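In what follows, structures are represented as structure tokens.
Common to both upcoming complexes is chain A, partnered first by chain B, then by chain C.
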Partner chain A sequence: MSVLRPMDKLPDLNKATVLLVSTEDALLQQLADSMLKEDCASELRVHLTKSLPLPSSVARPRIDLIVFVITLHSSFQNVEESLHHVDSNFFLGKVCFLVTGAGRDSHCSVHRNTVAKLAHTYRSPLLFCDLEVESFRATVAQRLVRMLQICAGHVPGVSGLNLLSLMRSPSPPPEEL
Partner chain B sequence: MELRPERAEEARGGERISLLLRLRAQMKQQLLEYKSMIDANEEKTPEQDMQEKQMETKIESLENEIEDVKTAFDIKNLVLSRMQLSSALKNNLENTATESSELMDDLNDILKLNKLIMTSQQESRELEKKLLDVRKKRLQLKQASGRKLLEIQTEKNKQKEELDSVENSDKIKTMQHNLQMEMQTTTVVQHVFQNLILGSKVNWAEDPALKETVLQLEKIVTMI
Partner chain C sequence: MDETVAEFIRRTILKIPVCEMMTILKTWNFLSESQLQTVNFRQRKESLAQDLLLLCEEKCATVQDMALLDIVYTQVHRHQKLWNVFQMSKGPDEDVDLFDMEQFKISFKKILQRALKNVTVSFRDAEKNAVWIRVAWGTQYSKPNQYKPTFVVYYSQTPYAFTSSSYLKSTLPLLKQALTIASQHHQIVQMDLRSRHLDSLQAIVFKEYNQIFENHNPTPPLQERSLGLDKNMDLRIIHENTLEKERIQRVTQEAFGDYPQPQLEFAQYKLETKFKSDLGRSILANRDEPFRCLIKFSSPHLLEALKSLAPAGIADAPLSPLLTCIPSKGMNYFKIRDK
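Now for the complex of A and B:
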């Protein structure tokens, strides 16, 4: 069970589960709190982890959305390694990349273009947010909750793949100089 | 005190119904997703080795198809719900006669606005037609004037050619040559007569006829 598959379990009634992956625990906790505060008709479950693969000892529900939270001043390798443990069927709209920490330009060790290229290679949407500020965090939490509802199948007429085609960026990122 | 628990129960019943409806919609959507996954896994991957660009364009065209089908479906759904709404409204009106005057007012307003929309659309269509006619006429006139100018040009060129040809023809040349010869002989004859009269030492000033002849001989013959 080292690879996460999207559809290997049956969904729970009226429940949606999101998996937040990041090396920074505090940020994840804050983001999880903001998401749970959101007004939502379905029950939300937020799982936090530092990296994949997840320990297979725990019984967990079907995961509807994976959000990789990337901070621009930490290393990138963790994310890349975790991505190997995700089944390719997940990338049909159930994976999202969230970039934070772009405000502190002096600390950036990962370039913005690298992340954009990563998102383009995996054909997944890329969101930018400054998770330290309360209001921005609330906004991005709202967006994520909505995406989660769609990916869990709680919104009739829209599926994760539809959302992906609507959120597609128009052109690939520019080549590095 | 007795009404409140009833209301609370009603509210709870209403909530339960809405929850059930929501669950139904969710299960439908999730079932659709699982079905489409099964269908997708059954499809065989293409044998040829398509390039990445080709695959991307193919994906884009497929996505466009999906979007078109989706919008058509949504429009049809809207039309269907509109029809359902109007029939329910009609039934409601039949049952409640003309008590609901607000509804009648709204319907009358809707009818008036629709008529207005139709007449203004008709007017705009007629104006567009007129504009189109005027433009067509203008184009025709332009074409006719272009043709006329072309004709004038060709006529002018023809005339010029004719003039040039006429000037350079041989007949004219021989006629000119003959003319010159005749002029030379006439001058010679004039000089001969002049010298005859002067050589005869006759006083030509006295006789008016002779005077006239001499003066006439003075006229030098030049080219006409």
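Now for the complex of A and C:
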């Protein structure tokens, strides 16, 4: 079982790579475009995939941040299975869950609490955003680029783990009835 | 001119959008060029309708002329009706008789008039050996209701007829009988195919939807297209799963082809199968009776929507054959039972 490890490759000078994971390609493409529009001192690379494990490739740079984009109106079984292929060291601040589609309540087949529980289990931050609205997408892209820079070590004095402890929510999500 | 005829023509004219008015009136071919030139088409519709009615009065429009206008209007606005498809067949030993359109029309009209004294039957020939038939139904004692007619499009060289859904269900057997006998067939069966788009139904039934026409600039081979080699694509974005994407494109193309899909609005699946559950014990699982369930897919363009499901990542490729077989089987209403 091939597993994605955070430290198995050497970092490239001034490069930061993020891996976006989601079944919906169009959404990822839009998010990637928004992220690349941001002004950033580091050289950004965005990798898009539907699920893990990734096909083996020597040319792939070290992944600094993994963002799992979950749409509430499709099943997230894909995300759960992909999580098995991520090394546990990634969960020290280098993984983030991004949820979209919460606005259209009638279309939601996954409850928000389910995703909140997932994020809590993996001790990773959970962001909510409606990716279809351009302004919201630009805002979350800004946050993700900042997180990416920190996780790649480009911000002196702050590491991914520091950021994680700052972003941790105070209590676990309420139990499902 | 009869009161009912005048009122019907007036209402039909009011239904026609102003931009189509001239075309429809010219196709109707009842009012002459010179008469039409005397009318001001830029005035309010009510006044326009009055003027046109006066002209129709001068020419003494009859019920048949009125019916013809209705046919022309429906031909232009065919998507306002829901069309059903009927397939006729001859008996096994019957010879193929030469088809005579005039004989068909006379026979069809006679059968209906013999059964119901009051019925208005009108015909209008169309291209590809087709004839549009309009039937307004009455009873032995009441005049035909001109506002709820049934339209039939019959392709004489084929065993297929398309009818608009009628509010009057009781008239269907008689219509079927008239069609069958007049066209010298033996049996008629309603296909499980319905849509508002008559042209798409015809394309499906005559198997014309999968014709790919060669044009000057043939589309680039699948490989290039699916990888989306676009000069504008940002090189900082890398797609990890190109192999998978190519596979999905290939599978989708095999299932749906390269051609534009015929337009249907829904597909309905009536399930009468036993409930199967992986969870073992479940209230619904251990029953002998089938679990009845109706699943309906609707879309303005159902087949194109299904075709884009796998590439969009919403469904796995290959799609269920129950979805992909719709045009080839010519059905969009399915009954699924346990084998």
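Quick notes on this structure:
As a convention for this text, the second predicted complex is superposed on the first by the 174 of 177 C-alpha atoms of A that agree within 3 Å, B and C clash if a C-alpha of one lies under 4 Å from a C-alpha of the other, contacts with A are read in each partner's own complex, and residues count from 1 in each chain.
Definition applied: a residue touches a chain if its C-beta (ideal position, glycine included) is under 8 Å from a C-beta of that chain, and two chains touch if they have at least 3 such contacts.
Quick caveat, the model's predicted, so the values are computed rather than measured.
Annotation: superposed three-chain arrangement on chain A; chain B versus chain C shows no clash, the two fitting side by side.
By the touch criterion defined above, A:40 lies against neither chain B nor chain C after alignment on the C-alpha atoms of chain A. Angle at chain A between chain B and chain C, computed from CA centres in the superposed arrangement: 130 degrees, to the nearest 10.
Contacts of A:89 after superposition on the shared chain: chain B is touched, whereas chain C is not. In the overlay built on the shared chain, the residue A:26 is in contact with chain C alone; chain B does not reach it.
When the two complexes are overlaid on their common chain A, residue A:74 makes contact with chain C while staying clear of chain B.
By the touch criterion defined above, A:153 lies against chain B but remains apart from chain C after alignment on the C-alpha atoms of chain A. In the overlay built on the shared chain, the residue A:50 is in contact with chain C alone; chain B does not reach it. By the document's definition of touching, neither partner reaches A:127: not chain B, not chain C.
Counting the residues of chain A that each partner touches, chain B and chain C differ, and the larger count belongs to C. Within the superposed three-chain model, A:116 lies out of touch with both chain B and chain C [touch as defined at top].
With chain A used as the common frame, chain B approaches chain C to a shortest CA-CA distance of 20 Å. Annotation: chain A has no residue touching chain B in one complex and chain C in the other. Those residues of chain C that touch chain A in the complex are listed here as 234, 236-241, 243-245, 311-314. Here chain B touches chain A in the complex through residues 19, 22-23, 25-30, 32-34, 36-37, 63, 66-67, 70, going by the rule given at the top. Those residues of chain A that touch chain B in the complex are listed here as 7, 11, 13-14, 41-42, 89, 152-157, 159-160, 162, 165.
Chain A meets chain C in the complex at residues 19, 22-26, 29, 32-33, 36, 43-51, 54-55, 74.
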